[in-house]
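Below you'll find the structure, written out as structure tokens, and then a few comments.
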Amino acid sequence: METSISIKNLALSFGALDVLKDLNLDIGKGEFLVLLGSSGCGKSTLLNCIAGLLDVSGGQIFIGGRNVTWEEPSKRGIGMVFQSYALYPQMTVAGNLSFGLKNAGVPKAEVEERVNRAARVLQIEPLLSRKPAALSGGQRQRAAIGRALVRDADVFLFDEPLSNLDAKLRADLRVEIKQLHQKLHNTMIYVTHDQIEAMTLADRIAIMRGGRILQLASPNEIYNRPASKYVAEFIGSPTMNFFEGEIVSGDAVRFMTGERSFSLDGYAFGDAGLKTGPAWFGIRPEHMVAGEAAQEMPIRLDGQIELVEPLGSDTLVRILVDGQLLWIRLDGQAEISHGDAITVGFHPERANLFDKASEDRL
Amino acid sequence: MTKAPHLMKNSLGYAAEPEANDGDVTLRPAESPFQQVRLEEGPAGRKPRPFLSRRNIIVYGTLIFVSLYYLLPLYVMIVTSLKGMPEIRVGNIFAPPLEITFQPWVKAWSEACTGLNCDGLSRGFFNSVQILVPSVILSIIIASVNGYALANWRFKGSETFFAILIVGAFIPYQVMLYPIVIMLREIGLYGSLTGLVIVHTIFGMPILTLLFRNYFASVPQELFKAARVDGAGFWRIYFQIMVPMSLPIFVVAMILQVTGIWNDFLFGVVYTKPDLYPMTVQLNNIVNSTQGVKEYNVNMAATILTGLVPLTVYFISGKLFVRGIAAGAVKG
Amino acid sequence: MDAATRPFRWHRNFSAKVAAIPMIITAMVVFVGGTVWTVVYSFTNSKLLPREKFVGLDQYERLWGSSKWLISLENLAIYGVFSLIFALVIGFLLAALLDQKIRFEDTFRTILLYPFALSFIVTGLAWQWILNPDFGIQHIVRSMGWESFTFDPLYNPDIVIYGVLIAGLWHETGLIMCLMLAGLRGIDEDIWKASRIDGIPMWKTYLFIVIPMMRGIFITAIVLIASGIIKVYDLIVAQTGGGPGISSEVPAKYVYDAMFLSQNLGQGFAASTMMLLTVVIIVVPWAYLEFGGKRQ
């Protein structure tokens, strides 16, 4: 795949504070990359560096093969969409869309043509003569996307564009952004702290923490094979259940936790192969089953229902097993109640093992 | 990495428009005086009190009394200026004029003597206008660009210079009076109106720069970033984005400067010559001149005339004036 | 793909640096340069024109030996202490009254603040007239039958500074009230609700909860009043001219008179340096409290 954006050894520090550390990232042409992380992880900072809105302390940034490390933001061939929309309040939507083109000296007729085209794509033609104050949140964000669109940029940068919207609108616009990407095929970098946005939109997700990328992989890969315990905890809701214990290798490989011992028969160890010693054993709530299905699983636990959260489609159940609380996701129609005894089961091939010390995947 | 736009607590911040789809409107209970009383006295509650409750009498009584005290000097000045001298000599300064005369006003404007000349306050008025207009324009232009540079285009050392500027605002003017006399003399502007305009621009700079810097800093950074992505540079962002959305703060700055410069006395007396004295200096020279018989009615007419410009600005601008002084007061 | 090196820092942000030139000149040349110049020349025996003949602390010795200077300082101290106390107390009380969700709040506030829009010259002249013993308050009370009534602060050297204080307070209390009102409005409504539920009397809520929460506003108000007090000049010139005699002189007037009337520049420089010192003593602890704490 042709590379659209290439980041080499990027570093950024504010005084003694290292915000980005020796960061390398290649983004393919037409790829939708999501930068995901909790606040303070450096994801927005990275996006601002790519946009040229922050001066880097070291490293290089290439866009479309061109070194743009010290290039002005407007000359990088990017369009950007912000969380607060950042529409110029005193200009109409049309004025907002055309401001950048006018600054670039694009002929008037072409400006008009491009503004109309963008407005058509985003279905905001009736709003062109309105001011931002007269728009709803969703309309504002559409106008803000339009401003990026008219630039005919190869690269779109989104800085938490949906965070200021309510849940319903967020879901609608998420779909629209995905459709836009399918229609335009440009490279998109999208910053968010919302894992659902990340999972649904991304071709690849980069999970960031402390100015570094912890894992860069497809949503499926990240969900199924998280590279570290942090990633495993970050993705998925309710969060993954963990057992603390030790991997032992006798006649069979097993995981010892407290009085129990889980068979690891079927678990695919990583490239480094089997490693015995202290470790974490993780299993997602949705990978556990209860009732009759549990009887067929290699690992079974008996516990007591401590809390039930019916969601309609699913029911989240918190159970108490030997003093440890586990979340499990059951069918929405399951008839269970607080205090019942329950048996849950799961298969080791759905498990995730992490080294105790490094917390890396085994 | 907070991305929520940081809005200043005080009312001078750039106010983001409310979300059109914002569903969460906080409903505040109606706050009427007796509801408050009821809350104080527990759930049992009493019947709502009449308007003439003891509490209301104390609150409104005090406020009305204090207001009368505050209005007294203005009232006395007005009635005195409308009386003839004989009436003043025999009467009471609080009594309304028996016979209204506008002669003192005419005399104050065009004939009163300062000890140097006898063209009344009119000369000072026109001098003050000639000082005011360029000073206000120049100081606001310089301070707004400065504040914008400090808020959005920080460079190495910019904060240090700004800190020195703000600390400088606390230095008594007396310390800098003479060095500025020398500087102005060196560039040949000592004793001229231009020189005084420069002085006003210099001493208006700390507070105005602070005002604009804080305002521009309260504008969401993302707006500025968006403009940079759109290829706008320093001046284009200033003129096309920042200025159009900051008109209220320009009005506040104008109010601050118009009243401040009009009311100045010290700089006027130090940096201009007698025939260029601003209105305040002229007024003081008329009233406190030791020559001739004291004409109190003319003096009071002259005093009101001098106070008229800032008073007009004050009454027209209303809440913006309050915003201005609040901004001027809340440093840093 | 080749590596780009960091371009010259100097021309990045060029426009911002150009725009900041007036500020830099003002800060460095006028504020810093002017202050240093005055302090240095306060050690010379400059008379009509500045001269570089250094005489050590002569000017300061002469200054502290001058009764006019000592009276100036005494007046400044009296005026300062009383105007600080009264402005804060009255300003806060008025703000608290205006904060009672009253009707005509805007009208009251407009009336209480208008003197602040007027110049000190106008203020001084207005009060000079009202306090005039032959026509003003004293005359009226006497003509009502109380023949021995005496209220002539501007003509009595012992109390003249209190006459000035009346005018000064009239001028500035509105400003303090507005500041305090803004502070009161910044207090969370829920604090009031909580204190009502807890049954705390209103005056106690103000004294023990609200005022401590308004610490910042109080400090601002104090700094504001204090820096205004030191600069008091126009008010004196208009209201008393420093008289009777020299009984209402203040340091700012001492400086002006020395520099521009009695051609005694060295004295003016020394006196203004003392004023600077006073400000430093007030501002430095405040700046330390305000900004020193934040850095930690």
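Here the chain labels run A, B and C in written order, and each chain numbers its own residues starting at 1.
Note that contacts are C-beta pairs under 8 Å (C-beta built on N, C-alpha and C of every residue); 3 or more make two chains touch, one makes a residue touch a chain.
Fair warning: this is a prediction, and the values are worked out from it, not measured in the lab.
Enquirer: Based on the averaged CA atom positions, which chain is farthest from subunit B?
Expert: Relative to subunit B, the chain whose C-alpha centre sits farthest away is A.
Enquirer: Please identify the chain lying most centrally, where each chain is represented by the average of its Cα atoms.
Expert: B
Enquirer: Considering only C-beta pairs in contact, identify the chain pair with the most of them.
Expert: After counting contacts between each pair of chains, the winner is B-C.
Enquirer: Once you find the CA centre of subunit B and the CA centre of subunit C, what distance in Å lies between them?
Expert: 16
Enquirer: Centroid from C-alpha atoms only, then distance subunit A to subunit C, rounded to Å. What do you get?
Expert: 57
Enquirer: Taking each chain's centre as the mean of its CA atoms, how far is subunit A from subunit B in angstrom?
Expert: Using C-alpha averages as centres, the distance is 52 Å.
Enquirer: Two or more other chains touching the same residue: where does that happen in subunit A?
Expert: In subunit A, no residue touches at least two other chains, as defined above.
Enquirer: Subunit C: which residues touch two or more other chains?
Expert: Residues 12 of subunit C each touch two or more of the other chains.
Enquirer: Quick check on the complex: what are the subunit B residues that touch subunit A?
Expert: Against subunit A, the touching part of subunit B is residues 1-5, 16-17, 19-23, 220, 222-223, 225-232, 236, 240-241, 244-245.
Enquirer: Which bits of subunit A are touching subunit B when the two form their complex?
Expert: Residue list for subunit A touching subunit B: 39-45, 48, 51-53, 72-75, 78-80, 82-90, 99-100, 103-104, 132-140, 144, 147, 159-160, 163-164, 166, 169.
Enquirer: Mind listing the subunit B positions that touch subunit C in their complex?
Expert: 9-11, 28, 31-33, 36, 39-40, 42, 59-60, 62-63, 66-67, 70-74, 76-77, 80, 88, 92-94, 142, 145-146, 148-150, 153-156, 158, 161-162, 164-165, 167-168, 170-180, 182-183, 201-202, 205, 209, 233-235, 259, 262-266, 270, 280, 283-284, 287-288, 296, 299-300, 303, 306-307, 310-311, 313-315, 318-319, 321-322, 325-326, 329-332
Enquirer: Please name which positions on subunit C make contact with subunit B in the complex.
Expert: The contact residues of subunit C facing subunit B are 9, 12-13, 15-17, 19-20, 22-24, 26-35, 37-39, 41, 50, 94, 97-98, 100-102, 106, 108-123, 125-130, 135-136, 139-140, 143, 170, 174-175, 178-179, 182, 186, 189, 193, 196, 199, 202, 220-221, 223-224, 227, 230-231, 233-234, 237-238, 241, 251-252, 255-256, 259-260, 265, 268-269, 271-273, 275-276, 279, 283, 287, 290-291.
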